[in-house]
Structure formats: C-alpha cells, structure tokens
Amino acid sequence: MSDQPAAETSVDAHEAHHGYISNKAAYLARLKRIEGQARGLQKMVDEDKYCIDILTQVSAMTSALEKVALGLLDDHLSHCVREAVAVGGAEADAKIAEASAAIARLVRS
Amino acid sequence: MSDQPAAETSVDAHEAHHGYISNKAAYLARLKRIEGQARGLQKMVDEDKYCIDILTQVSAMTSALEKVALGLLDDHLSHCVREAVAVGGAEADAKIAEASAAIARLVRS
Amino acid sequence: MSDQPAAETSVDAHEAHHGYISNKAAYLARLKRIEGQARGLQKMVDEDKYCIDILTQVSAMTSALEKVALGLLDDHLSHCVREAVAVGGAEADAKIAEASAAIARLVRS
Amino acid sequence: MSDQPAAETSVDAHEAHHGYISNKAAYLARLKRIEGQARGLQKMVDEDKYCIDILTQVSAMTSALEKVALGLLDDHLSHCVREAVAVGGAEADAKIAEASAAIARLVRS
C-alpha cells in the first residue's frame, strides 16, 4: 500500500482478498431478491394496494438489506480488518476507524 | 385489479381512497431509484468493490426505504386511519391497532 | 380547545384524557426498571466489566425503551389522535402531523 | 471484583486492558445523564405530561444510549479485538465473531 497513492476506495490494492468474495454468489442472490422486492413494491403502489401491506413489504425488504449489511461487516472484520491489524501501524488504525464509522452509519440508517 | 378478488386485504373496498394515491408518481420514482440501488449493489459485489463502499451504499438504500415507509405511514394516518376514525366503532379500533403494528414492525426492522 | 391559547404542549387542556393514563403504573414500573439498567451500566463500567457484556446490556435497555415508546405511540393514536380526528378540522391535521413526526424521530433514533 | 471469580466472561483475565478504560469518567458521566433521563421520564408520566413530549424524550434517550454503544464498540475494536488479532488463532476468530454478534444485536435493537 505504501508505495502507491490510495485512491478513494483503494479497490485495486485490495481486490485479491476482499472478505466477501467467497460468498459472492450468495450475496448476489440475496441482492437479486432485494431488487425483486423493490420491483414488487412498485407494482403494489401502481395497483393501489393497501398501504399497510406495502409497509409490511418495506419492512421485509429493510430486514433483508440489514442481513446483507451485517454479513458484509462480519466478512470485513474477519478479513480486511484482521489483515490490516496483523500488519499493524497506521493502516490498522485506519481500518478500525473506517469499520467503526461504517457500523455507526448502519446503526443510524 | 378489478377482475380478480383481493381477499386478504380487501383492496377493492378501499381502492378509491388509499392515502398515497395523490403522490403515486413520486413513490414510484423513489422506488425505481431504490431498485437501481439494488442493481448497483450487485454490480459492486460482482466487481469486487471494497466492502466499506458497498456498506455505505447499503446504508443509503436503507435510508431511502425508510423515507418511503415514513411517507406511506403519514399518508395512511392522514387518510385511511382518519376516515376509519370518523366512521368510528370496531373499524376505527382495527385501523389503529393495524397502524400501531405496522409502526412496531418499522421501528424494529 | 378553541377558546384558550395552546401552550407549547397543551398539557392542561388535555390532561384529563391522556392515552397512557390507564397504564400509568405499568409505564412507571418499566421506566423504573430502565433507570435501574442505567445504574447497572455505570456499575459495570466502574468495575471494568467486559465491553461486550456492557454492550449486551445497552441493547437490552434500548429494546426496553423502544417497547415503552411503541406503547406510548399506540396509546396516543388510540386516544389523543382519535379524539382530535373525531373533532376534525385543523386540530385533527395538527395531531396527525405531530404523530407522524414522532414516529419519524422514533424510527431514526 | 478481584475477590470473586467472573466465570462467564473471563473478566479477570482481561481486566488490565479493557478498551474503554481511558474514557471511563466520560462513559460514567454519559450514563449518569441517561439515568437522569430515565428519572425525568418517570416524572413526566407521573405528572401526566403530553405523550408526544414524553416520546421526544424517549427518542433523545435512545440516541444517547446509541452513542454510548457506538463508543464502546469502537473502543472494543481498537483494543480487545486488535490485541486478540495480534495474538491470532482461535482467540482472534472468537473475538471477531463476538464483535459481529454484538453489532448485530445493536443494529436490531
């Protein structure tokens, strides 16, 4: 990392060992289902379905998204943060601060 | 909708005065954007983007969904619950209990 | 209501029919327990208990508070909002807007 | 604490390097304020304050608790998890799994 500028998301440098990669197919399947839920909601609104039934679907979709987020966070701690901590120093500090900020955004969203 | 019975939620009976109907285009536009966010997330996972950047997008999508839910709830209270309360009796009790349950699901999701 | 100025919280005018009043003892007991949880957390921090155990207690306390909030909201819709809607007009509009704002604060907190 | 064994969470073994210890006074002050909020809520209920005003205080208290939780989590990652990862092996795995579970409880509460 130290000999090349870190672009905003340092994607290239880390690409080989992103934590979620082993479950990529599972994440894609869950996100595909969530995309389908978003389409289903449009259909419900378009067909004047009952508000409460639409809200129930919104809650289900929010829970599904939350599960994706918690899975990604666990993968991130288990791989990216763990590796950075093993290296130590400023990179470790930065990764932990970054993870804490992501957790705060998640808790507040 | 009119040629098929909607048993579960008595949609037909209420169709004329669903609360969100006046903002239908706005809800559809927001849900369309949310669907796009779900597709964007799949692309990010597929391209091995950095976990934290994916999480940031998940938080943004969750907030967008939350805004849709709060809008629908406000519309629901302003129209469906209000009308039921004006009629009174068991229908009013049922609508209020139903709204409270939807709020609880939303707070917990 | 119309012949007297509404102070910020209109407490006096509404005092006789606040929704939660029938369950006052139950709310007080739950809040007393929550106060005890806050004291327990101070003891845990003071005694250097393990962070994760403290976090578990914070989550339990947050859930207890959430239950109080959902109970109050249900009482509020069942009594204050319902009565305002029965009267109708601007008071009904105001009560519904106020309830929606409280729900949004709750969902976001 | 030192004269009694704390089985469940192996407090004694970790006591010397709990992450939040440097901010102990700050955490205690915040929890003391939260305890005061819990007492204030009891007073509001006891005095039949307006439900919406009580709900506003509940939301404020929930946000205060959330800040405590996010602070503890950040401290935990920066110290306990970091140290465990530096040691490596099963202890590191266990600490990361434990942190992820605490995050999930927090997000859902």
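Order of writing sets the chain letters: A, B, C and D. Residues in each chain are counted from 1.
Following the convention adopted for this analysis, a residue touches a chain if its C-beta (ideal position, glycine included) is under 8 Å from a C-beta of that chain, and two chains touch if they have at least 3 such contacts.
Predicted model only: the values in this text are computed from it and were never measured.
In this assembly, which chains make contact with chain A and also with chain B?
Common contact partners of chain A and chain B, which must touch each of the two, are absent.
If you average the Cα atoms of chain A and of chain D to get two centres, how far apart are those centres in Å?
24
If you average the CA atoms of chain B and of chain D, how far apart do the two points sit, in angstrom?
Centres of chain B and chain D (C-alpha means) sit 33 Å apart.
For chain C, give me the residues that contact two or more of the other chains.
Residue numbers touching two or more other chains: 66, 69, 73, 99, 106, 108.
Classify the chain contact graph as line, ring, star, complete or other.
Graph shape here is a ring: one loop, exactly two partners per chain.
Where on chain B does chain A make contact in their complex?
Against chain A, the touching part of chain B is residues 1, 8-11, 14-15, 18-21, 24, 27-28, 31-32, 34-35, 38-39, 41-42, 45-46, 48-56, 58-63, 65-66, 68-69, 72-73, 75-76, 80, 98-99, 102, 105-106, 108-109.
Mind listing the chain A positions that touch chain D in their complex?
66, 69-70, 73-74, 77-78, 81-82, 85-86, 88, 92-93, 96-97, 99-100, 103-104, 106-108
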